[in-house]
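Order as written gives the chain letters A, B, C, D and E; numbering starts at 1 within each chain.
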């Protein structure tokens, strides 16, 4: 079905464009809440790209974790501080120029790397990775890094609880 | 007691009511809504809503003598009376104007209580909604006048008591006016 | 269980000799308003009375003076009432607040301030209770001039006409006359010199 | 007999196949694929709208009966036209946008909120072979998409510039994040047992024994079902977890400033979420469209309908939780219970049947009581009242 | 709008100021709570009154004594009969009028029915504030309906009864009415059981109500709190017992007391009070004598209200209304109108302690606490 494939390809490019626009919105818009919403849209767009590339599981996880959890928390934080939500913020400051230079350097290095890497052409484009394989990889091959990450997460969680608790008791006394 | 038992018991109560709303009659746990225009609540003799004026026989035989006691005693001042004058300018003991602002009236029934001529009574009719505040809710004499038969219909006990009282008073009056003699055959 | 006024008066005079008291009807008049908190505190804490509950605070206007009436009961001993009253002249209507002794006076004193203009000194939050902040006058005073809503004033007519309402000419004339006389439309209130 | 049943069972599937075959005669393949998507989409859109409309009627009727009154019964026979009358009313109402509102986001929020509500319909297996998109990550998809619902609620609450809305929005965020965790975890035993994320596979894993293999008839399934159902009630903001729109506290919570059709869209999303969540609950624990005698879709709709009735029953019975209690309930009670439930499911997998039953039931009951003991502030105090003369 | 003097300054902390009311689903009328919030926690709360103010006292000062009676109906419009009772009591005290035996019994019967009506309705409304979608309220209203039917049949009106007269009552209770009341009393325990099954042990209700809005006995007395709210705090003070006004000292009934003084105690004390009211009603119905319903001396004043001129003096009559102590302070100057007329409104004064009860609690609690205090704006604002 060439027509459908073309459509999918076109869709991927369209999604990429949308993601780019929203990503620009994230860094340029003056209202923090709008920025956060753009971030959510960009992340959803990324998930759509994943879907187009037949990485369904990744897309689902992307939406669940990034949109459902991370962005929600960001927005929650913005809304908790009521002064931020109404205000407009300038997103560029005097360090914009060095940042652009740094970014350009980074992009250059990245491009060089991409060009130099011998990408395997056509090899894995249609191979569908099932959920089971992902699970086996996580629980088998990569079990050590997986567990290390979970330990780090737990540490972060406990730290957050400690900080929150201290704040609370200070207020009560 | 187990955690969750209270919640469960509450749910059983609502379930029971759900079932009885289909299974039972109004008086023993069924639906207690009255479907208003089709069904009506029981009407009570004592129920009072807005005042009206009673006439005997024809509308020109108004009991009211425009004494203005109700006008004075009305807490909200919703009654307005003007006495009729005959051609000579002598006041006839009759109201020319008798207005009640239903929009102002608070259904307290004090006018009925103070009226010495058994003329103004509280009505049971409650369907008096109107779209206009002044044109619709200020009731003039014509709309306020209702026959004694109507009064007997809506408040039978009170009406018959009043009728008896009036009859007795009339006979007493007659008896005073005429020297006592054998009662006329009627 | 009523408490006879004479008994309260006797006890108070024995314990607080510098407070001047007078029995008025079934109540006790504290001649000097400044003594009121002392009297109330005494009655509240004296084990014989233990009047721990202030039921009602209200003002009253007797034309020549304003009055504040307090009804005290005891929840502990379940007796009462003892009515205290304080009289102040209209032009200097200041009474010390009882909020420090009885919290229940808080809203009631605000109400009396609102309706009679009695200023309760040292009340923590003496604002109007029912009326809005820039309301003029105190509506329950007998000399309060109530606005007559039937008679239109010039400003009302201008407002109405701006909205396309036809105002009868006689009303306009009345409003003009009022404006010329520099008066406001005030409801007639029978001035009855009573009591 | 079986053939008649089979015919009714597959009536919608065959209708669609016939239609597509008809199209396939004249049109190229890709149009047929497109048409297939369009047909499913249109069916879902129409069904979503109709379901929402009649759920409102059902809710009002049932609540009315629970409260010993009739409910709507004037528009049409038994009030059947009431939803249409309501729809007309909603359409003709003035659309009010607060002066200080962020107008674009205020407009976008109700539109965005119905999108995930419709998208979840894709993976709901309405009957045998009646899943719009048989994704092999169906369940993950469902969880992911339903988590997006928080965003539009945020948008609506923030854009209204209303303090009630803001409070409602914050409550929503807290509540949705909290209840997603036990909900996801309560699904895990089901995934473990059916060894698939696909909703269809999960239904098939519960087949046989005319219904006795439904997951709800196991200890872990029952516990999972209860937790899932409570979390689903919380997820679609229904009583007793309706804090985001708590009428008596926050007027209407995040949609205080919405009127007319925008308000109707929020409403629609809420009811469709309720429907899909009940549908998923039926799929995961009640055997989905499985069941004897009746066509598969009838079973599905019947089960979903019963679950929705239970939700309405909750609404008719319970007072509302308070914010801290709500969070406490999710984190201190439901979350440990689901974790234990996962453990129990693992035990179930390894033990022989009778032992599995005993052990898992025992563990669950004991852990329930331990949790109750630990959360003693959830348990009513005993009070003694004195009567004095 | 005026500025509300909160104790804490808003600019320093991240605080949200919200007005609950005057238009809000659960302020029970046009009442405003200006609330300072930190997240969901309440840091400051000031009640604002006056949205329903109609200067009841001045209206009364310009009317003859009898014509004030229908206005007292409009104070606490949920139970007009007890308002009538209080006013009649004050004026009878002022004028030294006796009330015939049968009339006293009728008064007590009607007042206790009104108390039952009020308590079940209040519990229903409080549950509505708690978020129970109308179910308890409608169950309560189902029973209330029967009692209102009695009111309608006897007094002529369901809510605005205008039933009491100085020295008696307006209408007599017929045998049929008494039988109907007996029937209601007989079926009431079953309803109460249903109500309690639905609510009393409900975990969610207990979570929401227990240890919320605690008011200690000392604070309650000092703040002048009366009625079920006071008794929930454990103070044994029921004016029916203390004053024994009318004929209440002839009945055998008890005063239910709470321990903690939280919302749950207020709820349950009301349920127990309904039981006691039923007890009083049973005794009253058993003992009601035959006889006059109006004092002979007062009869002419019915026809001639302006002839009713109490002697110069003042009287403070108070009753145990379902909301608390309802007091009427009437000053007569010997004319047909009262010179001063003041209502001691429990709905207003019970709000004195609202802020203390709410501080540190959540938003949702504030609304429940307000619901548990039981105010009617007609009485609060007058």
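Here are some notes:
Definition applied: a contact is a pair of C-beta atoms (placed from the backbone, for glycine too) under 8 Å apart; a residue touches a chain by one contact, two chains touch by 3 or more.
These figures come from a predicted structure and were not determined experimentally.
The chains in contact with chain B as well as with chain D are E. Each chain's centre was taken as the mean of its CA atoms, and the one lying most distant from chain D is C. Ranking all chains by how far their C-alpha centres lie from the centre of chain B, first place goes to A.
The count of contacting C-beta pairs peaks for the chain pair D-E.
Among the chains in view, E has its Cα centre nearest the centre of the complete protein Cα set.
Averaged Cα coordinates give chain C a centre that lies 24 Å from the centre of chain E.
If you average the Cα atoms of chain B and of chain C, the two centres end up 40 Å apart. Averaged C-alpha coordinates give centres for chain B and chain E that are 29 Å from one another. One simple way to say how far apart two chains are is to compare their mean CA positions; for chain A and chain E this gives 60 Å. Looking at chain E, one finds that residues 16, 39, 135, 139, 142, 198, 201-206 touch two or more other chains. Taken residue by residue, chain B touches two or more other chains at 3, 6-7, 10, 13-14, 17, 32, whereas all remaining positions touch fewer. Residue positions of chain C with contacts to 2 or more other chains are absent.
The touching residues of chain B, when paired with chain D in their complex, are 3, 6-7, 10-11, 13-15, 17-18, 20-22, 29-33, 35. Taken together, the chain D residues at the contact with chain E in this complex read 63, 66-69, 163-164, 166-167, 170-171, 239-240, 242-243, 246-251, 315-325, 377-381, 383-389. Across the interface of their complex, chain E is touched by residues 1, 25-27, 52-56, 58, 60-61, 69, 71, 75, 78, 81, 83, 102-108, 111, 115, 125, 127-133, 139-140, 192, 194-195 of chain C. The touching residues of chain E, when paired with chain B in their complex, are 63-64, 66-71, 73-74, 135, 139, 142, 145, 149, 152-157, 160, 162, 171, 194, 197-206, 302-306. Interface residues of chain A facing chain D in the complex, by the touch rule stated above, are 1, 3-4, 7, 31, 33-34, 37, 40, 44, 56-57, 59-64, 67-69, 71-73, 75-76, 79-80, 82, 85-86, 130-131.
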